[in-house]
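Next up: some structures, all given as structure tokens.
Below, subunit A partners subunit B and then partners subunit C, in two separate complexes.
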Partner chain A sequence: MSAANILFYIMSFIALASAGYVAVSKNLVRSVFIFFVTLFALAGLYVLALADFVAVTQIVVYVGGILVLILFAFMLSGRETLNVLQHPDRSVWKITNLPALLIVALLFIVLINVILKTDADHLGWISDSIKTKNYITNSGDMTGNIGVNLMTRYLLPFEIISILLMMALVGAAHLSRKESVE
Partner chain B sequence: MVSYLIYIGVAIGLFAFAATFALFAVYYERKLSAFIQDRIGPSETGKYGSLQTLADILKLIQKEIINPTATDKWLYALAPAIIFIAVYMGFAALPWAPGLVPSKINIGLYYIFAIISIETLGILMAGWGSNNKYSILGAMRSAAQIISYEIPAGFALIAVVVICGSLDLQEIAMQQGILFKEHTQFLGIWDVTGMGGFMSWNIFRAPHLIIAFIIYFIASLAESNRAPFDIPEAESELVAGFHTEYTGMRFGLIFLAEYSMMFLVSMVGVVLFLGAWNTPFPNIGSIHLANWTTGIGWGIFWIFVKTLLLVTVQIWIRWTLPRLRVDQLMDLCWKVLTPLAFICMVISAVWRVWVMN
Partner chain C sequence: MISLTNYLVVSAILFCIGLYIVLVKRNAIQILIGIEMMLNAAILNLVAFGKFDRHNNGGQMFALFAIVLAAATTAVALAIVLNVYRRYKTIDPDKVDQLKD
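Moving on, here comes the complex of A and B:
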């Protein structure tokens, strides 16, 4: 087993174990902090897949932005609200939970099916791109490639996303503005 | 196998450097603040008090680590480690001399920017884990401040990245001296290709980059929680902010992180704006000052001296200016620095297309 393989298994294990803890833990704040471990392990997996730019973006966006925002929400809410949230009715097998259980079970079946049906080593589109030489190697120029593609081939989606984010920003600024006293 | 040993050796070396630097920076800060306030400063321990911080750290190591009963044990214990590791990992991508960089990655700057943002999480962890109102207020102030000031800092950095066309810190460093073979201009008017020296530093490559540097410097003060932006640990209001409950080596780690952060942000500023490891002396006619003062040894010397100068300015500002109020802090960030940084970025793009071609 090569070093990359060992690293892959270590990081997948960390990601899965911490994700499990996030889902099961009764302490909400602690699960937010453990979620950080999950995201970090995922970033490590991206690096192993030669997607270093995606890995760093993952850390900037999720750890630097979203996690901190979630924590802010926690800290701005009172301890009583948190206590109610932390001691919910934890019994699973109830009639009101039936739709949720159904959806979860079906989704699980779909996922298992996908895993069993996908022949990950011989994917059609991957062998096609290898045949037509439509791939890049780890030349150290991955970021430049992303930039050029964003500004040429994928310019329209890129601009649409930027307009969407702009709308969200304007909306947030409008909502948080003080009403002028008349 | 040898390569792995080298990796570990480099990591230990960087840690040793961060720790030693923090040790002497504390002494330096105390002496400088004493000078500014017309005192003598530490003078008893060793010659001119030079062993004072060594004695302090010995005391910190021996202290009992106190666990207050109401804390969240895990978060409380891990927070100082996360705060320090976040800063320490940033050192991995910083270039020291031509060809000498611990980790040569082509997104070095972006990586540093991302890793530093983890520090916020550590601070929030410390504040929440301490279960103390001063800690949590300090942590929230700190997080709000760091997140806000990341924006002007980021855009000031992007202004440089647009001019350089690279995120690789070694590439950016190389472009600012005699090793760069392409066309270099001083403020866009005077051709200084092959002359090197301070005139080819990024800060002088375009006039607006001087403003970008000032924006970055102010924002970097806020990101390392230094005065005049030290409301997260404002002694008069919050005891000691997010690290109120910490004792012994845990407090030591937070302290270490603060001084390492000072060095880190200063070094990023030096690499991006002040010529990195390039010499300040230009080649004038047949006197090749720049050629004589470029090399691995010189590179380490120059970058270290320049970074220490910036750290000195940080300390000087801390002991000269009063602390900003919260609303003033946010006004400065959102109403002054952020728009200016945006303008700098736009000018950079225009400059790159119309002046540099």
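Moving on, here comes the complex of A and C:
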């Protein structure tokens, strides 16, 4: 077992354990902050998949942008969201949670079956890519390649997504403004 | 070299946890967190398979696009949540059940 494997297991354990804590936690603020840990551990997993640029983007956009936004909404929506804290009967094993647990367990069984039957390491195109040396090694020159590809091969999705992002941000600003006339 | 199946299993578990959060939580912001978790599971798959595409970087590129899309969705969703809170004084999706003003 190599060091990468051990790191992978540690990272995935941190990610899954913190995600599980977010799911079962009764404390809202704490679950938002634990979600930070999940995102950082996922960034570590991306690094282990040799996608360092995506990992840095994950930290910048998710941790720097989305979570701060979530915290803002959390604090702006005031006491009502925190009132849930006072309800004592919010344990995981409540009877109303049973259908959700059932659905999730069934979906998980289906997913695991599909994954084990797929045998992803021996798919056709992956064998081809290993044969033609078309897989990423840890030489650290991938960011330049991403930049070149972004401006040539993926130029159309790049432009479309930039316009979409602008529209979404303008729309969000429009939605959250104060209404002048009631 | 880490097997692809490991990534797929981790991503499947993460997706299921996200789905559980979406189904169970009674708070719009926590449901949003669950959706983000499911998106992250999908991105993990994209990145794991993107390792085998050195020339075109397909997986990593679309992982980046998915991250940007998640940012856009979150901004709009949080604006909607704030509006719902202003109107109904609650963000429990079960209690927001009127279509008219």
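Following the convention adopted for this analysis, the second predicted complex is superposed on the first by the 140 of 182 C-alpha atoms of A that agree within 3 Å, B and C clash if a C-alpha of one lies under 4 Å from a C-alpha of the other, contacts with A are read in each partner's own complex, and residues count from 1 in each chain.
Please note the rule applied: a residue touches a chain if its C-beta (ideal position, glycine included) is under 8 Å from a C-beta of that chain, and two chains touch if they have at least 3 such contacts.
Keep in mind that what you see is a predicted model, and the values were worked out from it rather than measured.
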Record, for the superposition on subunit A, whether partners subunit B and subunit C clash or fit.
fit
Looking only at subunit A, is it subunit B or subunit C that touches more of its residues?
C
Quick check for you: in the superposed arrangement, does A:107 touch first (subunit B), second (subunit C), both or neither?
second
Contacts of A:17 with subunit B and subunit C, given as first, second, both or neither
neither
Just to be sure I read the superposition right, which of the two partners does A:115 touch: subunit B = first, subunit C = second, or both, or neither?
second
Using the touch definition from the top, say if A:63 reaches subunit B (first), subunit C (second), both or neither.
first
Check whether A:37 is in contact with subunit B, with subunit C, with both or with neither, and answer first, second, both or neither.
neither
Pick one for A:72: touches subunit B only (first), subunit C only (second), both, or neither.
both
Between subunit B (first) and subunit C (second), which, if any, makes contact with A:53: first, second, both or neither?
both
Thinking of the overlay built on chain A, is A:142 touched by subunit B (first), by subunit C (second), by both, or by neither?
both
Once both structures are superposed, the least CA distance from subunit B to subunit C in Å comes to 14
Overlap of subunit C and subunit B interfaces on subunit A (superposed complexes)
53, 57, 65, 72, 74, 142
Could you please specify the touching residues of subunit A with respect to subunit B in the complex?
27, 29-30, 33, 36, 52-53, 56-57, 59-60, 63-65, 67-68, 71-72, 74-75, 140-143
Using the touch definition from the top, list the residues of subunit A that touch subunit C in their complex.
2, 4-5, 8, 12, 15-16, 19-20, 22-23, 28, 31-32, 35, 38-39, 42, 45-46, 48-51, 53-54, 57-58, 61-62, 65-66, 69-70, 72-74, 76-78, 80-81, 84, 97, 99-101, 103-104, 107-108, 111-112, 115-116, 118-121, 125-126, 129-130, 133-136, 142, 145-146, 149-150, 153-154, 157-158, 161, 164-165, 168-169, 171-173, 175-176
Going by the contact rule set out above, which residues of subunit B touch subunit A in the complex?
72, 74-75, 105-107, 110-111, 113-115, 117-118, 120-121, 124-125, 127-128, 136, 139-140, 143, 147, 150, 167
Quick one: which bits of subunit C touch subunit A in the complex? Just the residue numbers, please.
1-10, 12-21, 23-24, 26-27, 29-30, 32-33, 36-37, 40, 43-44, 47-57, 59-61, 63-65, 67-76, 78-83, 85, 89-91
